[in-house]
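Each chain gets a letter, A, B, C and D, in the order it is written, and its residues are counted from 1.
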Amino acid sequence: MSDTVSTLKLTHAGALKMLAAAVKKSEDMGVPQCIAIVDESANLLAFSRMDGAKVLSIETATAKARTAASSKGPTGKTPPHAENLMGLATGGRFTNLKGGLPVIVDGKCVGGIGVGSGTGDQDVEVANAALAAVKGAQTF
Amino acid sequence: MSDTVSTLKLTHAGALKMLAAAVKKSEDMGVPQCIAIVDESANLLAFSRMDGAKVLSIETATAKARTAASSKGPTGKTPPHAENLMGLATGGRFTNLKGGLPVIVDGKCVGGIGVGSGTGDQDVEVANAALAAVKGAQTF
Amino acid sequence: MSDTVSTLKLTHAGALKMLAAAVKKSEDMGVPQCIAIVDESANLLAFSRMDGAKVLSIETATAKARTAASSKGPTGKTPPHAENLMGLATGGRFTNLKGGLPVIVDGKCVGGIGVGSGTGDQDVEVANAALAAVKGAQTF
Amino acid sequence: MSDTVSTLKLTHAGALKMLAAAVKKSEDMGVPQCIAIVDESANLLAFSRMDGAKVLSIETATAKARTAASSKGPTGKTPPHAENLMGLATGGRFTNLKGGLPVIVDGKCVGGIGVGSGTGDQDVEVANAALAAVKGAQTF
């Protein structure tokens, strides 16, 4: 097995394009949001808290993005008996709240987006709008 | 009662042997894992995050190892009404997620192993493979 | 190299004997103290906050005990340029404040004691009184 | 600018090879060490605490690895007036203690290694031995 491998990485240009698309969608919906975009390692790449978005959603949106990037799938799918355990064992970095989607390009997870301040369904709608802005990204 | 007693301790050689066995088993299963091994005092002895394992499992695997070493038994056996309370009171160091097993040699707990990123059953299977590599260690 | 080795461990009886000796010495000196005793893994074994001892010394005494157990030597010997860096990198668990001594029996470090609330010299005097109560322990 | 770019990543095989080389070197030197290896995002990839290594060095070694990966250079080069400020602002994740080196392959930083429990120079020597085990990695 080799010491290093080639992999795909989300650029800041890609992350900012996602952010712009998410803000635009939220404005169209009339629902202010917190939007967090992380890389595949769950580190923050881009963020916007829109006017009027809930201040505690800064944290929930970021946790949603981290969880989606880590698990390589949408948040909200963890069985109920495990969701609190996962949140506790990760110091709150994992969350099962709806509104987190992975950024999957060419079958490879390159990051995650988390949206929070609306209903779970509104959050997912905004996250999907952001994904639609990334060339080749899967939507959910 | 005497001021000091003789006790048994897991060596780094033993811990690295466990790590290698766990990585090998995970590769054979085709399931990348985070694997944490701690001593009887719940301090980290050895760790590997395999390619593609969930980044948030770094923390859950470590919490599983700490919990198994502390309780001297497999994780996942705490009654539901207590599991979140235990996680909260320990700042997330305790977890009831499956995948943590104690390292028991000659009836004495010398450490714990925690595996995370697969299903609970896959995690336990890898942890048991690691225990099988330690001379005289009990499996579960 | 074998998977496990035999080692020496401080008992709770030994730790409580140290605690009693330290409290007695502090009473004789007329200086109330916080006294923390940890095992070789820096986990708390015994503790007393005496009437009138400083509340924040709960933490400094514990950090002194942890540091002495970890470094297997008295606290206060780290070069000035490194002491803050060590404190920061360990989340405050390391400290270079005087008043921490290792518990060394038969040439083997089995724990540490930290005393805080007096002057550095008073703290060391109390710690040494505690060590003198342990069979075979080195004093400083 | 494109949304994603190709990049290089340290594998767990590469990280475990580094770990084995570092443990071997430490054994040859007769100085037990804590050794932490992180990826380019400062997340833990591999770890070993050797028998007799300082327990608080678990944290300092990890902070050194994170700092080297983040700054893409050896630790210990930050000007004195900034080193504590950096440690404070990062919650102790940054450290200027010597003993952290970046893993640079083909001019690209793919991770970091941190070694702690010896003197700064011993720590660097072990880190370099680990780097020498990685195909194409720069040493310092």
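Here is the rule we use: contacts are C-beta pairs under 8 Å (C-beta built on N, C-alpha and C of every residue); 3 or more make two chains touch, one makes a residue touch a chain.
Given the structure is predicted, the values throughout are model-derived calculations rather than measurements.
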Determine whether chain C and chain D, two copies of the same sequence, contact each other through the same residue numbers or different ones, counting it as same when over half of the numbers at the interface appear on both sides. different
Averaging only over C-alpha atoms, locate the centres of chain A and chain D and give their separation in whole Å. 29
Between the Cα centroids of chain A and chain B the separation in whole angstrom comes to 30
Measure off the straight-line distance from the CA centroid of chain B to the CA centroid of chain D, and report it in whole Å. 24
Within chain C, the set of residues that touch 2 or more other chains is 5, 40-42
Line, ring, star, complete or other: which one describes how these chains touch? other
Could you list, by residue number, the parts of chain D that touch chain C in their complex? 51, 54-57, 59-60, 63-64, 80, 83-84, 87-88, 91-92, 95-97
In the complex with chain B, residue positions of chain D that touch it: 9, 11-12, 15-16, 19-20, 23, 32, 43-51, 55, 58
What part of chain C is in contact with chain B in the complex they form? 1-11, 13-14, 17, 39-43, 105, 110, 134-137
Can you tell me which positions in chain C touch chain D when the two form their complex? 5, 40-42, 66-67, 69-72, 81-82, 84-86, 88-91, 93-94
